[in-house]
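I'd like to ask some things about the structure below.
The chains carry the letters A, B, C and D, assigned in the order they are written, with residues numbered from 1 in each.
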């Protein structure tokens, strides 16, 4: 099998990680990478780590080669993805979108947080939610549609929602979490999460040796996490920036239901069963907490669990690579599933150890 | 005035920051610095930034010069401080302790969290709590005792409790916070917080490019924060480690009381009034969040505030230098107060800007 | 004494370090800070570490307050300094310039390396070279001119020239170095050396976890170092960028003259005598090499020396803070000297230890 | 083909990188990993990035499974490798040693720099030098010996020698470099180069935000580089430490012969021809200098070239991953060659882009 694939918006950090993974993928033939800003520039000039590995040159987004692709990854800003996806799906192609355009099921919620109307509400209904461990049926349906020649669309989960939901969803779904109580999530991301654009915020000298919170009470991943976990209006989400390139750690504070166990070991065992068939999610043993360095460059997520018995709170900590499981690698995992391939095809599972 | 002072446990990170500040202090005469491990080593050999600035040599903890000091900073591990403090106070000296031995008012709580009995319960009663912005009366009493020749003892607040409480206390004390609901604190520290000992955890290659939580549900600053804020059994505290040297950020999630305002601007104004006479605490304007880099090397704390109206949660974020306001600089601030000096004497308030 | 001073180009990294030092200086009254780009912005908004410490607001470069200043620091790009200096000096003011405009004594060399003509060749003749340890007479003359009401101009040494020359000059001047042989200098700088502008090169994610050489065989500090050391056409200078904020290390390879000693200890003793009256330069003992962290935030330079006896090469390593001794702090040292003040007034000599 | 392989000294940084690569290698079956210190500890416990990827447990160095291996990587300290290698080679096994024991051809030179006698001088004669791009014949001979059932021994080049020699050897071998003149090499390494042991030097808080030179005039890679390049007694080598994990940059200053071209473009073209068949070495275009981040996690080397025409010096800059091409990956490349496999089998050539 050879899947012709293209990446639109390939020059950003998630986009270029998609290039790296796509080039290694045994079933992908990467035929087009686009960037309006860098059109005409070889990938290896902008990112010299690709020297000798590819002769691909960034093209404009409207590169005709995209029209020939079986699979198109969209790594463009929100609203741009919404504008591009219909054409591809309508011709029977598969879109795996890592923008925010096809994540929120309710267009009104999208409009409320993104301050623009959703213009593709019909297509939105077809979108599979790209977080395979939690929404396998969505992706199974997309796979079926693809097989039937109808095209398919996956709206991949964001980076914070991925780490947070993998850590929290088993407890919520198994009924361990109190109804109505607030869920507090404090998360930390490396600077790749702030994007490739050179700004004061991404300047080495301002990011280095600094910690800060941002988007407090306003971050757009809030409604996405609430949607995934089914906790509307209950999330307090604060992201933080720390001086590292890749890595995202989400600390989720889940108030335990009155009748739920306070035994961390028991909860850990429940989690392990929950993820027992998962290739990429590891639930750590009691007393062990995840390190983001353990998952950098991979599609893996590590989850640590502890119980604060005094307060009756489950603390679930999830670690991912924000560009890996939080973006590019998860997008490839979704594409693998849509094509019926092993979900780990072409994906690393071992981080560079130091 | 010349205050003869000594630092016991001066070779650790808080200790050596005390050396730096004490050497610059116009009223301190630093006569003794001790380290059992490095006894005989010049300070400038172990920390070459002091080359040319001091000829002091680390002595053993039982250095007789300590007995001559008017002021002794204890920067030793807990239990060691408890063993050393009585002799000094009993001879009319002043002890400013940055260990945990004289922070917790209830010896039973100390024993529960530190797993050793408190052997100086009488002296503990005399201890002033060293967090001047929140407990000015304690320090005023200590100042009086010193003036009366009775000696004095200050048990300085820990690093996480300082940042957390400065951010949270005004809201709690002004009645904005709901009774009985959990308070979730997620905090991040630079690696100096993990101490000078060379371990796998403090190895550059394991700390660099990594984020992790530690001490989850078990960190010993938990009861201290609960004591300061008066929220026994309600705190969920998770500290995290990030790859920077100095800097501590505490994100405090305070559930607002039913009748409390949801207007962030109003709360910010209340905070500004609360700290209007404070030299070191700055409440930032609406929409601005603190950066730890803004306070590194100083005794300052910056506080940012936001309200999550959907959930009814106040998010208060405090930034300090864990070795500055979180340890050495705050200890000097306390000493200044005990001697009736301007509280900022000898202390920096402007961070190195980049 | 109160010296009214202004900083033109105060928003860049050297400029803002000048603000920090000027605010602490007991004899300076800082009345004007300019930045065409940030005119109207409070210093403390752009650099929140100044919150509470100053109400100064950036003005345009042509701020009339500059005309009232006794002392003006120019921290603007080359050619801009050349355009501004004459007016100030002509009215009897003192200019301390940290651009490259008044460093090179030969206008033809300036034109060759900077690709623009030097338009102030008369004023250039008056310029004192701002590297006090090596050119004390220059500054003494400037001090005299100022005292006579003639105004004065100091062209401060660049960052690489300062570290390199402090490490190399004693050997060269004492005749230890072979004539005619090449002198190879490889130096490393933190990212503040690349300036405040947000670019791909200063983006955290490209600078972090990376090492690279730049300006190879073309860096403009080459003729300046050759001028200082009196080694025209003999310097091979390669600067490198490493992932830290501040700090500059210069490794200078000096071929020893045939009749020069190969005994490192003897050379070290000669260096110590050379710098025996220097407040800021420390020659380290045999076997000890300097760390840039030991001098960050200060005007100090640390120098380490070793001899490769097999090849007959003296390796002299100099460490400075590129924004301290390499820019702002040295400028203040020069100003102190021009006013007959203690050269270390207002300057730190102890780095924050960790 | 399935090559049973073992790694002795697998818990250090080079050793664990060998584990990572060996696990991905399509022809290797990794059956034994040893560490006397961590014997009994699962690899995934010490390095959690391997969680889910391997159940291997560190065994003692004398693990009998090593005796069954076709291929043994020795990642132990010098002298230990010398003690272990004979037994393996004598039974017909292949040893790829990344210690220093089999690099220096002259036992007297070994003894001079390592201060211990070489006890395996016969075996030393058989050792192939493991730097395939420069010594292909050595490895071809080793491959033949292996095929004949005689066992084989490869002594891999060190990290600094690899980067330095790949950058310098073409110029030297093509006669561009002056005889008798000194060759100055200044190199910079990330902290993984300082090893896994937790020391003051590898402590995050001392390595972070610091630059320093070390081993000045004494580093043991000096004679190795001189041997490779054939420049006995002419090398001045100074390594430096910078705050990053992986990455090594070597700046080599080569005095050009009187009759050699000064045209950088011409030299670059000669270099490109020299490495035209090389999978892993890339010679960059004129004006481009290598970044270590471009080769991290790979077996690649990037080389940049410039000429200082005024002095007649070729500056050749080589970038590698000190644990990749500088250690583990190069060892696997050597093993591939010894087995007649494609030299890049199992090795990455594209770095994680950010």
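Please note the rule applied: contacts are C-beta pairs under 8 Å (C-beta built on N, C-alpha and C of every residue); 3 or more make two chains touch, one makes a residue touch a chain.
Since the structure is predicted, the reported quantities are computational estimates derived from the model, not experimental observations.
K.L.:
Count the touching C-beta pairs: is C-D or B-C ahead?
P.N.:
Result: the pair with more contacts is C-D.
K.L.:
Could you tell me which chain lies farthest from chain D when each chain's centre is the average position of its Cα atoms?
P.N.:
That would be chain B.
K.L.:
Could you work out how far the Cα centre of chain B sits from that of chain D, in whole Å?
P.N.:
Roughly 47 Å separates the two chain centres.
K.L.:
Roughly how far is chain B from chain C, centre to centre by C-alpha average, rounded to an integer in Å?
P.N.:
Averaging C-alpha atoms per chain gives centres 37 Å apart.
K.L.:
For chain C versus chain D, what separation do you get between their C-alpha means, in angstrom?
P.N.:
Going by mean C-alpha positions, chain C sits 39 Å from chain D.
K.L.:
For chain D, give me the residues that contact two or more of the other chains.
P.N.:
In chain D, residues 13, 192, 196, 205, 208-209, 243-246, 290-291, 293, 296, 354 touch at least two other chains, as defined above.
K.L.:
Of all residues in chain C, which touch chain B in the complex?
P.N.:
It is residues 13, 16-17, 19-20, 23-24, 47-53, 192, 196, 209, 245-246, 282, 284, 288, 290-291, 293-298, 300, 302, 323, 349-354 of chain C that touch chain B.
K.L.:
What does chain A use to touch chain C in their complex?
P.N.:
13, 191-192, 196, 198-200, 202-205, 207-209, 243-245
K.L.:
For the complex, which residues does chain A have touching chain B?
P.N.:
Chain A reaches chain B through residues 182, 184, 186, 188, 190, 205-206, 208-214, 216-218, 233-236, 238, 240, 242-249, 251, 253, 255, 289-293, 296, 304, 306-313, 315, 317, 319, 354.
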